[in-house]
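Next up, some structures in structure tokens.
In what comes next, chain A is part of two complexes: it sits with chain B in the first one and with chain C in the second one.
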Partner chain A sequence: MEKQTKNKNLKNRAAQFWKTGLLLLLTAIILTVPLPAQKRMIQIKGSDTLVNLVQVLAEEYMAKNPGAAIAVLGGGSGTGITALINGTCDLADHSREWKQKELDLAYEKGVKPRIFAIAIDALSIVVNEKNPIDILTMAQVGSIFRGEIKNWKVLGGADQKISLYGRQSNSGTYAFLQEHVLNNKNYSPEVKEMNGNAQIIEAVTQDLSGIGYVGVGYLYDENGNVRRGIKVLKIKKDENAPAFSPLDKEAVYSAKYAISRPLYQSTNGKPSGLAADFIRFELSPEGQAIVEKEGFFKIGQELMEQNLKNLK
Partner chain B sequence: MHSIKKKGFGRDLKESFIKNVFKISGLLTILTLLGIFALLLYTAVPAFREIDLKEFFTSTRWDPTSPEKPEYGLLSMLVSSLLVTAGALLLAFPVGLAVAAYLSDVAKPKTREIFKPIIELLAAIPSVVIGFIGITLIGPLIARVFKMSHGLTALNGSLLLAIMALPTIISISEDALRAVPQSYAEASLAVGANHWQTLIRVKIPAAKSGIIAAFMLGMGRAIGETMTVLMATGNARSFPHGFLQSVRTLTANIAIELGEVPYFTTHYYALFALGLVLFVLTFIINLTADLIMEKQKRKLQ
Partner chain C sequence: MSFKTKTRNLRVAQFFLCLLVFAWLMQLMATEAKAQQKISTTIYFDYTYYLSNQGPITNSQGDPNFKNNFFTFRRAYFRYDNKINDHLSFRLTFDGDYVKSVDAQGKKDDKFRPFLKHLYFQLTDIIPASELKAGMIDTITFKLAEDRWGYRSVAKELLDNFKDVTGKDIDAYSADAGISLTGKIIRQLRYGLMLANGAGYAHPEGDKYKKLMGQIQVIPLAGISIVGYTDYEKQGPGAKALTYKADFYLEAIKNLILGAEYFVYRNDLNITSTGQRFDRSGYSIFGRYVLLPDKLNAFARLDRYEPNSLSPQDETYLTIAGLDWALLTSNLKLQPNIWFYHYTDPNKKNDVVFNLTFFMSF
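Up next, the complex of A and B:
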């Protein structure tokens, strides 16, 4: 009799044990596999030109939407696009368009990129502030970075070897300049390849004969003034065209400044949840005001319409 | 009787268990090494479906993303790696040996006890920090001394790598010098040689193999270092003609390009081929160092 009760007791306890275990397991599964729509954490990766701007946008967004978490990483446009293809980020920042090779690879892996233009950048050519040169043509910039013009004297400057600073091949800015200014020719092997825009600014500030290229947002310090130690060159489309500076807002908006480009963000397929909401914020008048405050330029009518279509 | 036997059996079990754990750990290390080598080889070989082997080893141009024609020549980077490493050793070896001799022969035991941990602490500084010092301090200094517009040169990399190789060189040569039997020095002093002569003519030659091993291990440390050179040498792709030029080393190139390269393309495989070259290089260096050290041990016994 006693034995039976004991057995029953044991059985009960075992059943209890399994029930609790099952319950715990279920809770664990529910906790670790949140529904996609409720995703409150996204990861953004890519362009170094965009990283500061997107960071500010993300901070502003997170301040307004407590509970949302957005992590922003740099690394270069190529790095961001590769990460999106490999599924290791939710949004890729890039300052150049997708290459055909990357698109092929993406479709092969079932990634269907949707591309949003979130700001306009005026690619800026910077030299040391003591450099007497103020204006270059597009062709001259191309020749300098291809290594054909090697001395500042040729351009009317001091008799000094030109010291070239650029980005690494994972940079969208590197690819953009190569395509649009170097006319798809090789960079000079003498270009010192730096880790990011900020490092180029730093190097040109110290190097009297240095020249480099950076996104327009990097020309300003935290107070919104143009950084000391550098000179932002005015660029002429060709020999006979007037020269314009990337600091001149009107010239960039009217496309008179020759080297401007959209800066993009890509998602895998139609964005949803936090990612979609964040893109909407970036494109809103409020987001675009931040874009302008950070030194970049707002998106025009046409691109904006394209963006809104991509959000649907 | 019975209980003793039982205890002995338990101990045997425990002992053989521990023995096996050690054996497996040892085997695991070897397996890892073989695994890395196999993986490198496996991923590097497809590169040569499209790259000419001769071009790979003899061309000085490396530009895989070129819109004109992708080029895969490692010579500039290989020479840059060797140049920066040679510079580092030229600087670090004499200093390292002098410090080792000081610690083993001149310094009082108390001084040595203070110095040695400090030197070993030098090895604990993260390479990013050393690279940062290169950008902000040593680079501009080189620019000023050599009247150049910038200091992001091979020399900058060499100076920083010298700092990083010093702890290895010092501690291994010091061990080698201290392993020289006291009787050698006593004999030398007994025949009338002074302290300096004993050190230079007796102790250093006796510790020669250990000192060479220290040199080789320092070299291995320097040639594989990535972050510091990536930050400090400017990364220009041109063939190096001297220490006052910007250079790009093998390691820096892999670090720069591996993050962005589309997987399973020729460029991707080519980067692994660079890794394989680097692996073989450091493997030979470390193996030589090991063999030399082994020789020294046997000789002194």
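Up next, the complex of A and C:
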């Protein structure tokens, strides 16, 4: 009899606990989780080079489309692509193409990437404004970041050890420079790995012997002028070629500037709803005007046609 | 040349080969000494409440100190990753668990103690599209299934979980000292090979035999995987242990992952008093669904475990269901979950356990 009563008490207590706990949990979830019906929302993750530009595009889009919510996060191209594969973002920003390993993983997980070029970047090599060097060849840039040229004196500068500033390996800019300028060889272990483009600019501004690489959009201040404290180097394809600056629009559009690249967004499969609408806005004349205003370059006809095909 | 001289020469050659490999690794490390280093931590602990008190797990069995609800730190991983360059990286992981200890004076405790889980280097693309790991490494036994299940914080994968429940019924470890090679042959075909002690990370090698593991993953269509796995370890003269496992994963539907595993463990030392060999087997069907990306997921799983193929009414069915809720950030999650055990033995009543799992990573 006593045992039965005890069992009954235990059962009642368990039922009470369960009910209260469930109620508390549901209340908390409802209070903290934005329900999809309340807001149209997409999440964008990835390239640090793109984060400021996409943030501005998103703000402009949201101002025109009340009720739409777009969250933009950085973290690097690799982080964005991984998030898209894992289904934790709707759009991935990336400043390099997908690696074979990522494409294989996407296939394994049933993710079918659709890739859109939304802007063109001229990858810029920056030094401190007091550095006398104005021009480097692609080969020299490669040698510097591989750690083969260690002193500015070798290049006609002051007798100073070169301080290298770069990005972490999850950065698309890191991968792009490695592939196209360092000939797929390893970076020097002396490269100080910064979290983003802005930190590289800041470091080079402070360091007389510093050199770094950043997306062209990060060269300008809020007034559209090149930031004080840095010098943007002209780049020659080889020793005999003419030198061009990433600030020279004509040189970038005509592909005379040697290290330019498209900046991408990817979706899983054909984009729909808010994601598709936002991409259309980015590709529209209005969106492309924002791209230029932010220091980047508009995409050309060929890429635009490919984009429109991918939207269908 | 005498046999003795030949053997000596072979040993000298082996020594120099080892020396060469070591020197090459040292050179790689020396030239690229500075690298990307990362320290990370993952912790999960539970508040557990027994919703029934009748089954073998939740029954007090007359113990006056029996706890009906309690907090438990289940795991704490402290990880150091060092990416030397695009082809070479190192990982060191300390795991934490309640480990019993007795000192010289006979004083006992079971404090939460750290122990080594991983200590390995990884070479990428030593042959195209491959990863070679050597040291104390993840085994290939259930890595793919564990990744798909995705809730190690809530429950271990099928083999791993029932190995724990039953003590040492099944030889399956998440990490072991050895060497593994995984990679891709073509996009639709991946492989995994591993040679290890077979003793797991918790013990040093206990016998002279090594465990050989092999795995093939076929991906006929994007998002659909079929995996075949087998391992072999000699147990003694004329005795061997084999595990056969088949997995299926469906990831082609947006926000949904479904998986199924089936295994048979065959050990010649598992014999009844009449000398008949019995096998152990089990299956697991699991799924998780993203309700809101980065915010709220739901998951569920059904396991069946058969500890003795010759014994009737000894199977255990385990159903797990729960939610995964990112409180403010994805680094901090609450994962309320219920475990429902059903035993085919009519003398065993069901167990029902509620866990509020706290997941933290930083």
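One rule holds for everything that comes next: the second predicted complex is superposed on the first by the 273 of 312 C-alpha atoms of A that agree within 3 Å, B and C clash if a C-alpha of one lies under 4 Å from a C-alpha of the other, contacts with A are read in each partner's own complex, and residues count from 1 in each chain.
One rule holds for everything that comes next: contacts are C-beta pairs under 8 Å (C-beta built on N, C-alpha and C of every residue); 3 or more make two chains touch, one makes a residue touch a chain.
Treat the numbers as computed from the prediction; the structure is a model and nothing was measured.
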{"item": "Partner chain(s) touched by A:Gln100 [first = chain B, second = chain C, both, neither]", "value": "second"}
{"item": "Partner chain(s) touched by A:Ser272 [first = chain B, second = chain C, both, neither]", "value": "neither"}
{"item": "Touched partner set for A:Pro189, first chain B, second chain C, both or neither", "value": "both"}
{"item": "Which of chain B and chain C A:Lys112 touches, first, second, both or neither", "value": "second"}
{"item": "Which superposed partner A:Ser284 touches (first chain B, second chain C, both, neither)", "value": "neither"}
{"item": "First (chain B), second (chain C), both or neither touched by A:Asn151", "value": "neither"}
{"item": "First (chain B), second (chain C), both or neither touched by A:Gly87", "value": "second"}
{"item": "Touched partner set for A:Ser169, first chain B, second chain C, both or neither", "value": "both"}
{"item": "Intersection of chain A interface sets (partners chain B, chain C)", "value": "101, 168-169, 186, 189-190, 193"}
{"item": "Contacting residues of chain C [partner chain A, same complex]", "value": "31-36, 49-54, 68, 83, 85-86, 129, 184, 187, 190, 219, 222-225, 251-255, 290, 292-296, 323, 325, 327-328, 330, 336, 354, 356"}
{"item": "Complex contact set, residues of chain A against chain C", "value": "7, 10, 14, 17-18, 21, 25, 29, 32-34, 36, 43, 87-90, 100-101, 104, 106-112, 168-169, 186, 189-190, 193, 268-269"}
{"item": "Residues of chain B touching chain A in the complex", "value": "61, 63-68, 76, 135, 140, 143, 149-150, 152, 230-231, 234-239, 246, 248, 256-257, 259-263, 265"}
{"item": "Residues of chain A touching chain B in the complex", "value": "75-76, 78-79, 82, 85-86, 101-102, 105, 160-161, 163-164, 168-170, 175, 178-179, 184-195, 199, 202-203, 206-210"}
